[in-house]
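Look for subunit A in each of the two complexes below; its partner is subunit B in the first and subunit C in the second.
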Partner chain A sequence: MKYSKKRINSIWYSPQVAAWVFLFPSLVSLMVFVFIPLLTAFLMSFFDVNIFLSSIKFSGFSNLKEIAEDSRFWNSLKNTFQYTFLSVLIGTTFSLSMALYVSKNSMFRKLLRFSFYAPVVCSMTAMGIVWSILLDPTIGMIAKWTQMIGLPKMEFLKNPDMAMPLVVFVSIWKTFGSAMIIFIAALHAIPNVYYEAAVIDGAGVWIQFRKITLPQILPVLGFNVITSTIAGLMVFDQTYVMTRGGPLFRTETIVQYLYSRAFSISPFRLGYASSIAMILFFIIAIISVILYRSFLKNENRVSGNE
Partner chain B sequence: MFKKGECYETDFVVLVLITCMVSMVFAAGSKEDVSTVTKGTEISFWNGFTASDGDILREIFDRFNAENPQDIKVDMDIMPWANMLEKLAVSVSTKTGPTLILLGLENIPEYSESGALLSLNDFWEWSGLDKDNYSPNVLKAFQYNNNTYGIPMQYNSHYLYWNKDLFKEAGLDPEKPPKNFSEFIEYAERLSDPTKEQYGYAFAADSAVITNFLWSNGGDWLTADNTKSAINSPEAIQVFKMFQDFSKNKISPTGMTGADLDNLFYAGKVAMYINGPWLIAGCREKGIDFGIGSIPASDSGNKEFIGTGVAFMITSSATEEQKIAAYEVIKYWLSKNILKEWTLRNGFPAWSQEVLDDPEVQKNLIQSELGTITQYTRVPFEGLPESTQILSDYVNPILEQLTYLKISPSEAAEKMEEGINKVLKNR
Partner chain C sequence: MNKMNKYKLSIFLSVFTMCIVLVIVLYPFIWLFLSSLKFEMDIVKFPPETLPERLTFSQYIRVWQKLPLLTMTRNTIIFSTMTTFTNCLLCAMGGYAFARIFFKGKNIVFAFVLISMMVPFQVFMIPLYIIEYKIGILDSFLGLLLPRLTWPFGIYMLRSFFGSIPKSIEEAARIDGANEYVIFWRIMFPLCIPAVLTIGIMTLVNNWNDLAYPLILTNSIQMRTLSVGLAMFVGQRVIEYGPTLAAAVVSLIPLMIVYVFLQKFFVRGVVMSGLKG
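Entry: the complex of A and B
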């Protein structure tokens, strides 16, 4: 065996090895921050572990069985779906409408685009705190305004029925800017000839939208819907900061529930929380596949003929 | 030796990297065994004293940092208790926890069971202080399984505060607080005015305050041996009904946190309020003309109130050096001057005999009043590690439902019983 310097160099500097070397840093961080935690969480869900790691017992599927009977889990699932449905539906519709409105390239519209995007770059935690102070029924500005215009005293975030819609509202206020910008880019990519031809044929604005705009931006619409759905299913910041899951657990989402089980409430059951996280993982995976298929299928149909 | 066309730079770089990595492995320092503190030791200190008592605490510790002869530096971090508990569990299990903490005594059973706290059995011998000077009941409250895990920092009960101005406005004698449940309800109704957003008696949906009324009325959360729930009783249901009526009749606001209510009391919007002694400093600061006294007894005259306290505890993240430095801090706190200052400035009842005997303390009206209450106190859920789980999973959420008028008092008692027994069954 000859490990001459020349032989080692020829292996070290070959294209394949070079490729691995370049990929190595990203691979390491992916491994450390994504794959290994994912695998650990999956394994932990079969154990009874607490945060101090003081007692580790294998428990098989008993965590899953306990989750099935846990009313607070089902409640958080319901809340998460409610949040996701509302925020995706209203958020997408609203950001698309705003995109249509500000897509024209006038100075004023460009200024509007800037101000609509501003909340996106702020921290969700900070904005959540600001809004919860504004909505405070005793010292909040919004409470004062509603009383000034004669409405009855409202509890806002302390009202079990109003809490979730308000959280959804703040969420949409913060995030619609980024979806809007993406829609604007997509709208600008539609060739003007289609609209001119439609106008010649006598099509109204609504027909133009349905037959030209919508099909053309379908991939982008799909992208926005999928990303906002995934973000919605994983929501944590808004509810944690604004309502802490209350009142009466009406705004407690899955991630918040598993966080409280793992870190807030004794006995800090990491195993149980990991099981919940695994369930969420599969729910998101299945929903993403369904959404992706339904938008991808349509795209093939559109690019066929028109 | 050096050949033409060979690349020696990479060799050198690789050699340096390997040397660095190997030396890092051995750089993790070695621990020394010490029984006296090293000069200049720095320790981290977490607590939840976010109210006005936190300002006094900061002052005291700034003085300690400046004056202590061993040059110990205490790095104090104050955050809300809920945040602190969350951070504590994670940080202790990753060995990055604070050295010294203040924590409520209800957390001792569960945190000591999981190995998060160091045992402080050697403190008294090390410090040379006279253990008999300190109330034995108070010291005992911070022990678990015959081991000392906490050295008391303060011990208190809950007291009734009332806004004397609002009493006068409602035509009540500001020097005569309600003496029993019936008077309490009557006064609360008279002192409420929804149009002015004035609350006769405000409370947060937390078990601590309600325990006072529950016990005075003859009920209890658990049986005496901590094995089963005892909450589903007529006495408990009576107390639940009293509190639900307060919410229903808008005598108390719904959905507020303790911090919100403190601010409402300071703003003069709440006529009667029950809380620990930490409100005293804030009331003086805000200029509220307040009275403080015993929580109303039951109609039959029975009085039993909660005893609770906060102790110095040392986490398992502390090195031996840091532990000794923390002992110095605790010894400093237990001195007559500091305890007396805490009692007089902050209003916490004294539990050290030399402080109780001090003429200034004896002359203080508030302290003499509070001093008479301590004999009626007892620690709830004593020695039960599952207590925090019972409270956060069942008792407090169900109390919340009660104040939102979602369930009846008897349903609340039943659900609590179910939940408590479920947790205790797994013991």
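Entry: the complex of A and C
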């Protein structure tokens, strides 16, 4: 009896077993709630499934064929790319330029850093509500100000041409602080002697930025571009709160569309929505790999130059 | 002299630009707070004013009747604090196992964690909905908690943190006969509390603010979190502005307080993810 207890203890205390004990809860949770759903999503895209799960029929590639002719899908894809392109380009440029200014230490700059990061902490829902009231054409502050400076009456989020740029603006407002903080950390890591040497050589501010700052922060720039691209391709909260995909579907993104297909437009077609999700997954995977490769290549080239 | 003036001008311009950006960043917060103290008729009039003519707390009283704010707040607190707690523990345990213990199949298991870190939730949310429906935990706290028990990213971050702790600390304990559980709980976990707190705060913010996840996994008003509840009520367009704004303030305040007091950890989390990733 005593012997077997000892044995159990020795198994229980062995590092091999301990590692599995430590990992077990995490692995079960990831297996059941990430991996199995992911495989199911893949399989489901070949089936017709309604939300009540009452009729499940194998349909082969018919979902994909239907998607190819679904103009609302192509529209949502176009909107998603438009959103991603604008938000990554403007957002990254803006957060980098803010970081360049804010990275030095002074009371004013610390205040700026503190304030710029505050929207990141807030929920998109609450701030989306605030912005859509501010941008309301009949009661909003921004309507008042644009009319005060003599601009014609505008519809803002209700105008099909303005809605997407405004959604991008609000998203950047909400998230630029996060990329900025990462840029600041990267800027702080650049040794000061580089700049001192450049000043002695008579290099101007722009040359210093091009030849020292940019190559040094390239990996972090790549990280920010990749993460914001992925976030852009998955955008949902912003459009759900501020426009619900309108006006005229001009802000309907892929995730917004697949959510509607599965949960809010009858017939609730889970299989069809899953096909859209899988397409999104492959788009994200391909774009991430391309971006990762191109930034990695640049990194090698820079280090090769040194 | 000319050069001096140019220098002064550039400083003036940059400070001026920064002040404009600062106003754009902070104005929505100020407007939200002030408008939640206005009467409904003062919010919906045109042209609107930033400063309220008359102050009132009535919106904060009416909001409790107009929205199930108490239920929503309770749900959000339970969901986000429970996940924060389990994430801190499970990510530390997982990170420790990957960083400090050699076991068979480690590389495969780690690849598994990395892959699940990279798969976006939006891709598998529909099957997740079906699985929860089949198990019967859809629209319950269990259904909200179980998929978020752990966080692959947290495991990944804490793995590199545990990896940076010198081996000698652990060896001393091992010579004294301590087993893995004692070493983890008594020695390693206390050492990495700052890193665990950082992961905890990231989890808290993510889950407190999340929209898509609780939107799909809950469907009764009884289970809605603050962000979902607010988004749904705004969508209906029948709600008055005053109570909505008061509810928005209520939903923001807890995280704002945490941010003001623990700013260091927020920044550290972001930096950690950026420089390691």
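Heads up, the rule we're going with is that the second predicted complex is superposed on the first by the 292 of 306 C-alpha atoms of A that agree within 3 Å, B and C clash if a C-alpha of one lies under 4 Å from a C-alpha of the other, contacts with A are read in each partner's own complex, and residues count from 1 in each chain.
The rule we apply is simple: a residue touches a chain if its C-beta (ideal position, glycine included) is under 8 Å from a C-beta of that chain, and two chains touch if they have at least 3 such contacts.
The structure displayed is predicted, hence computed values, not measured ones.
Colleague: Output check: A:I207 vs subunit B and subunit C. Expected answer is one of first, second, both, neither. What do you get?
Modeller: Neither subunit B nor subunit C is touched by A:I207.
Colleague: Could you say whether A:F236 touches subunit B, subunit C, both of them, or neither, answering first, second, both or neither?
Modeller: In the superposition, A:F236 contacts subunit C only.
Colleague: Quick one: classify A:L53 as touching subunit B (first), subunit C (second), both or neither.
Modeller: Both partners, subunit B and subunit C.
Colleague: Looking at the overlay, does A:L89 come into contact with subunit B only (first), subunit C only (second), both, or neither?
Modeller: So A:L89 meets neither subunit B nor subunit C here.
Colleague: Scan A:I8 for contacts with subunit B and subunit C and give back first, second, both or neither.
Modeller: neither
Colleague: Check whether A:F263 is in contact with subunit B, with subunit C, with both or with neither, and answer first, second, both or neither.
Modeller: A:F263 sits against subunit B and subunit C alike.
Colleague: Quick one: is A:I182 in contact with subunit B, with subunit C, with both, or with neither? Answer first, second, both or neither.
Modeller: second
Colleague: Applying the document's definition of touch, where does A:T138 land relative to subunit B and subunit C: first, second, both, or neither?
Modeller: The answer is both, since A:T138 touches subunit B and subunit C.
Colleague: Residues of subunit A touched by subunit B versus by subunit C: which partner has the larger set?
Modeller: So, of the two partners, C touches more residues of subunit A.
Colleague: If we overlay the two complexes on their shared chain A, which of subunit B and subunit C does A:A41 touch? Say first, second, both or neither.
Modeller: Touch status of A:A41: second partner only.
Colleague: Would you mind listing the overlap between the subunit B footprint and the subunit C footprint on subunit A?
Modeller: 53, 138, 263
Colleague: Please give the residue numbers of subunit A that touch subunit C in the complex, ascending.
Modeller: 13, 15-16, 18-23, 25-27, 29-30, 32-38, 40-41, 44, 49, 53, 98, 101, 108, 111-112, 114-119, 121-134, 138-141, 143-144, 147, 173, 178, 181-182, 185-186, 189, 220, 223-224, 227, 230, 234, 236-237, 240-241, 244, 255, 258-259, 262-263, 270, 273-274, 277-278, 280-281, 284, 288
Colleague: Quick one: which bits of subunit B touch subunit A in the complex? Just the residue numbers, please.
Modeller: Going by the criterion above, the answer is residues 6-7, 82, 85-86, 89-90, 92-93, 110, 113-116, 197, 254-256, 260, 264, 385-386, 388-389, 392-393, 397, 400-401, 404, 406.
Colleague: Taking the touch rule as given, give the residues of subunit C at its contact with subunit A in the complex, in rising order.
Modeller: Touch residues, subunit C against subunit A: 14-15, 18, 21-22, 24-26, 28-29, 31-32, 35, 43-48, 50, 90-91, 93-94, 96-98, 101-104, 106, 109, 112-113, 116, 118-120, 122-131, 133, 146-147, 149-150, 152, 155, 179-181, 184, 205, 208-209, 211-212, 215-216, 226-228, 230-231, 234-235, 241, 244-245, 248, 251-252, 255-256, 258-259, 263, 266-267, 270-271, 273-275, 277.
Colleague: Subunit B touches which residues of subunit A in the complex?
Modeller: Contacts found on subunit A: 5, 9, 50-54, 138, 155, 158-160, 246-249, 263-268.
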